[in-house]
Amino acid sequence: MKKLKMGMVGGGIGAFIGAVHRRSARLDGGADIVAGAFDIDPAKSLEQGRNLGLDPNRVYRTYQEMIKGELALPREERADFIAICTPNHTHFPIAKACLEAGFNVMCEKPMTLTTAEAEALEALVRKTRLTFGLMHTYTGYPMVKLARDIVKAGDIGKIRKVVVQYPQGWLYKLTGRENMQASWRTDPKRSGRAGCMGDIGTHAANLAEFVTGLKITEVLADLSAFVKGRRLDDDGSVLFHMEKGVKGVLVATQIASGEENDLNIWVYGEKKTVAWYQENPNILRVLDQTAPEQVWKRGNAYVAAKSPAAARCSRTPNGHPEGFLEAFANNYINFCDTIRARMEKRKPTALELDFPGIVDGVRGMKFINAVCDSSEQGNVWKKI
Amino acid sequence: MKKLKMGMVGGGIGAFIGAVHRRSARLDGGADIVAGAFDIDPAKSLEQGRNLGLDPNRVYRTYQEMIKGELALPREERADFIAICTPNHTHFPIAKACLEAGFNVMCEKPMTLTTAEAEALEALVRKTRLTFGLMHTYTGYPMVKLARDIVKAGDIGKIRKVVVQYPQGWLYKLTGRENMQASWRTDPKRSGRAGCMGDIGTHAANLAEFVTGLKITEVLADLSAFVKGRRLDDDGSVLFHMEKGVKGVLVATQIASGEENDLNIWVYGEKKTVAWYQENPNILRVLDQTAPEQVWKRGNAYVAAKSPAAARCSRTPNGHPEGFLEAFANNYINFCDTIRARMEKRKPTALELDFPGIVDGVRGMKFINAVCDSSEQGNVWKKI
Amino acid sequence: MKKLKMGMVGGGIGAFIGAVHRRSARLDGGADIVAGAFDIDPAKSLEQGRNLGLDPNRVYRTYQEMIKGELALPREERADFIAICTPNHTHFPIAKACLEAGFNVMCEKPMTLTTAEAEALEALVRKTRLTFGLMHTYTGYPMVKLARDIVKAGDIGKIRKVVVQYPQGWLYKLTGRENMQASWRTDPKRSGRAGCMGDIGTHAANLAEFVTGLKITEVLADLSAFVKGRRLDDDGSVLFHMEKGVKGVLVATQIASGEENDLNIWVYGEKKTVAWYQENPNILRVLDQTAPEQVWKRGNAYVAAKSPAAARCSRTPNGHPEGFLEAFANNYINFCDTIRARMEKRKPTALELDFPGIVDGVRGMKFINAVCDSSEQGNVWKKI
Amino acid sequence: MKKLKMGMVGGGIGAFIGAVHRRSARLDGGADIVAGAFDIDPAKSLEQGRNLGLDPNRVYRTYQEMIKGELALPREERADFIAICTPNHTHFPIAKACLEAGFNVMCEKPMTLTTAEAEALEALVRKTRLTFGLMHTYTGYPMVKLARDIVKAGDIGKIRKVVVQYPQGWLYKLTGRENMQASWRTDPKRSGRAGCMGDIGTHAANLAEFVTGLKITEVLADLSAFVKGRRLDDDGSVLFHMEKGVKGVLVATQIASGEENDLNIWVYGEKKTVAWYQENPNILRVLDQTAPEQVWKRGNAYVAAKSPAAARCSRTPNGHPEGFLEAFANNYINFCDTIRARMEKRKPTALELDFPGIVDGVRGMKFINAVCDSSEQGNVWKKI
């Protein structure tokens, strides 16, 4: 297996998500960081490069310099893809520049600030035929893939209803000085039109679409900014309709004191129910009105038999918990395998292509716009 | 303690809820059944009377006969209250007749078919000054009372948001012949305007109001009848607003295959969160962004110190689970103690009055009407 | 169904277990208290009789007077059975006197202070052919009956190993004045040779034998009295062997601060595992190396199909939790049905006879003796 | 941070634990593989080297060749440590050779086949002053470190009792051809004197000693080989005594069908209880007889305040689960930091030295011997 070379924009000292990208890309031996523009402050960028043991020549002051610098290298040494871990408002220009320069891209979400940007990026990806990943971590969990495959196989019957909850508590109050992350995440100019809905509501919506294989067609939202002084929504409740007559409810909030990252989904079919809980991610509950509940557990042969995609994204035996980093890394596995396939001039398989990307990004932006429009216009239905 | 004499309308052979009333009223020794009109079929009524070991003279053919028959008895022998366990559409006429004849009433829910009936009953209760209980079982759980008292004490801070879920699966399909309960529960003429919303949505709404101490002021609902051939809603999603700027989401469904009776509530305050789960009712979770989660457990001194109402409604030591029947019985304890207080010509205490009654019944009817109106009119806000 | 008349010895004001007996016997309408000798202090006994609404003529000063007084009544009015809820050391003389006088007996556990007494009682029960119940509450839980029936059906294969844990915390320290219960429970003269092992170790052993259908043949125990000043064991660890080569471990402790009543059992068979947890009693886990875990839930048709005994001891629908009192009451249901069968001169069915009795009591005493002998003699194997 | 160079013996294609070592060492960027002798079959070893992207010159046929080959390289290129991931019986000679050649060693467990070997290795480690790690994964979990630090701080009071359970199911039967792992794990010549006790019993014992900070002084064991045809124990129950009067029970089994890797520990102190469950590793329960249960959750400030060691070994924010690989990697973090400290000629800090090593290995061998002796000699106490 060819180890891919990762460049990174953002992910400076102390930044949470950049470190997650590096760890996850590296975990399975399929990629490792070789270059970066880690910080607006060149000194800090260099320091981070040193921390990471990088060649100082490949630690850049700006993403523009990184693109230029990497392009100047022989193809074999050059970064194979660039991970974008910067504040939301910069995702678009950086991704655009990378794609235009011929680099594959793994982008943090939300992908852009506006739908127009998202669609522009989508056009660019189609045109360049480069590989573009969007880090919707949660669909990387093996048991989420299993849920999707159980649904797809028809085991739960035609879907009727979906409930997805995503409570967090970390923005339950403004501190005197909000921490670095909180400040940009709650600033419209850098975060986009939505706060909570952009940050975690999109994960919830993406999860619902992923597991059901259906698209959300319209939403009716009631967004709030509960914390005094906050400029963007920190909470939202959303009714939604999906294709094929499915109805749903999405609740995402960041003011639920003491809740950590409690993303949960229940999908009710005509025969059965599947339920998954991010904080206990190695199991999938399958409920049936006529039989004992089944608790499917990661790492078992019966999981592999039902979901090759889940088995492929599972490293440790049953009972040896995998977590968030492994889910993250699963997206990298498939993203990197897709890049390798294209390097080898072969068509990536469905299993390799099983990672979130540009389409999810465009849908995420549309979801954000629709829920914001709905809420601003008095809680009315808005098509996506 | 004077043992109260219970009369019952409904609760014939095989009827679920009548048996629950009898068991619960009897559990703590505070009441027992002495009379009944159990079935439209007089022979079956008599048979049920025999099953229950009643004096055959006090097994009646109709509630009208029961009222007449009991009134003919000396006051000391007469039923002290009448429990109404019949299909929804008969609650109102029976309750009315009982109150008018001077009987205290414990009524199953929903209290009536219409708001007009509910308000008429309310007027009658006020006029007669009789004791009227409405069986919202779930607020009888000690840990729900604890939740209310923690909220009331300000421990979680000003409330921001409430999420209440109530999935069941038992109506996930129409069987060739729906069982007795299912048939009237899904028949508009006998069940009222709402199906799922009347049957369990009202429990969820009542729970939200009880724990928060706040009233729901408006709702926006999206109701469905997912099962082909069903005439009433079997599922609903509701956005709601409460007093003091609180927002909420209520999801109730009866088509969630394999879900049993999974009523859950989360209340998010400015400081903390409380969460309670009916299927694991002996604990209350208290979440706090700055400290370990606390799991309060029924039967402990620290519960009693915070909530005398919870302690009063707790029989067994910590770790010895109490359940649904005990919650039900707790409503009887307070209902009966209130009757006794009034017999003794003293004002019932706040602890004695801590059971659901006519006010909850009126609110329940208004809730049903508002959610049905909202859904029928295109998912718009409706005041309660 | 004939309502049986219950007499009670013990169960005075404030006594925990007497109230549980009364509530449980009464819950299903099959029995109710009519007579009692509640307290050594006659005034307190009378007061308790008043609290319970009894005829003062049937509130006695001593159990001897109760026996005499009840015998003086016409058979139809007389107590049908007597519940013994006194401190351990009085169980034997009271039970003996009741049986000799022709009364059926429901006895708290441990049944006696010594094996000799237990065997004497057993002989008396055989001789009198009266109905004798011993309140091992936990085998009254429906899901424990289901576990037994799953094992009996061979579904888990030949049993290999059993692990049973029973941690409690309420004796984790001596308070200045130990409460009433604690004082006699930790006094060898009144409690018997064992403390924790007699109080809860016997429950654990009984549960292991009940679920497996196998007898413990020998034990090796390591008992401790961790709390300074305590005269009896407050903790014990026991290795045991059962019939058919089964091995096991039993841990019972009352010094586990914060543990409430956490009786748990795991039975490992050649094919599958069953696991049950008293604090979450409405489910039974069935584990299988080759398939998803099954969670069986009380109140479902699939439970009834596997275990009529579980279905018979289940009142509320699935998802409406039953608890400790209901388990207790299940023992009363079967005990009372057995009495009724014998009143009707018919042989009780296996389902009616499904309650713990004299045989369990004798085995309990032998278990206590064996573990005490083993521990005192240096942790050596002792036959039961 | 200097990235350390890892050599590996074992860990060929398809081998589970070798892959875990590579992933874990690499996860945090502190080490990566540069050399290996992966398989007895040189072709397979080379193939694995290719899979891993290694320089073929550093893929060796034997560990002896690897030692020689690496020594031939300049010090800066040479492997900084060697991970030993071979069957049990080869750990000792390989570790010995590596240490004698001057290499730091990370060794799989059990460390050796005999206590004599273990002590010889201990002497060698002391003599060479090299860094030696032993992969007791479970003490790498942050919440285990927190448990230890809570105990150490005296928060639960003097310890009284410890219960540790470790059920697995994967050896519940012999398959026609046991898989590669199973075959050597159940062969006395390659696995050592014990089967289950060596494989997982030692983890359980190590965990008990780690959390309590106390040594097991004597054991009394009842070992079994339940599966016909198996030559080593596949199940064991152990009573044990620790320093300071602490008593304990250890149950480890590999025949518990459907159990996965359910290592659990409860430590009962005079004031409180701590409980941890490997399959739900991100929480630690703290029980207290006088207050609500506390659920401490990884990634929170209150954890860091109590346990810098836990905070240091935590990567993702609260609610983003970490698992087995991360625990494994935590041992590598501290192992590598200790190596770096010694490279820098400074004394490693207590936090850096917080990984299992030679002392744990010697104790593990003594534990194995003592439990085997005890069981073979009729379940008698054996000193460790």
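Note that the chains are named A, B, C and D in the order they appear, and that numbering of residues resets to 1 at the start of each chain.
Keep in mind that, in the parts below, a contact is a pair of C-beta atoms (placed from the backbone, for glycine too) under 8 Å apart; a residue touches a chain by one contact, two chains touch by 3 or more.
Remember, it's a predicted structure, so these values are computed and weren't measured experimentally.
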Reference chain D; chain at largest CA-centroid distance: B
Comparison of A-B and B-D (more C-beta pairs in contact): A-B
Intercentroid distance (Cα basis), chain C paired with chain B, Å: 34
Distance from chain D to chain B - Cα centre to Cα centre, in angstrom: 55
Mean-CA-position distance for chain B and chain A (Å): 43
Residues of chain D engaged with two or more neighbouring chains: 170, 259, 286, 293, 297
Residues on chain B engaged by chain A in the complex (per definition of touch): 156, 160-161, 163, 165, 167, 169-170, 172-173, 220, 222, 224, 226, 235, 237, 239, 247-249, 251, 253, 255-259, 266, 268-273, 286-289, 293, 379, 381
Chain C partner contacts - residues on chain B that touch it in the complex: 1-3, 16, 19-20, 22-23, 26-29, 32, 51-53, 168, 170, 259-262, 278-282, 297, 299, 315-326
Residues of chain C that touch chain A when the two form their complex: 286, 290-297, 300-302
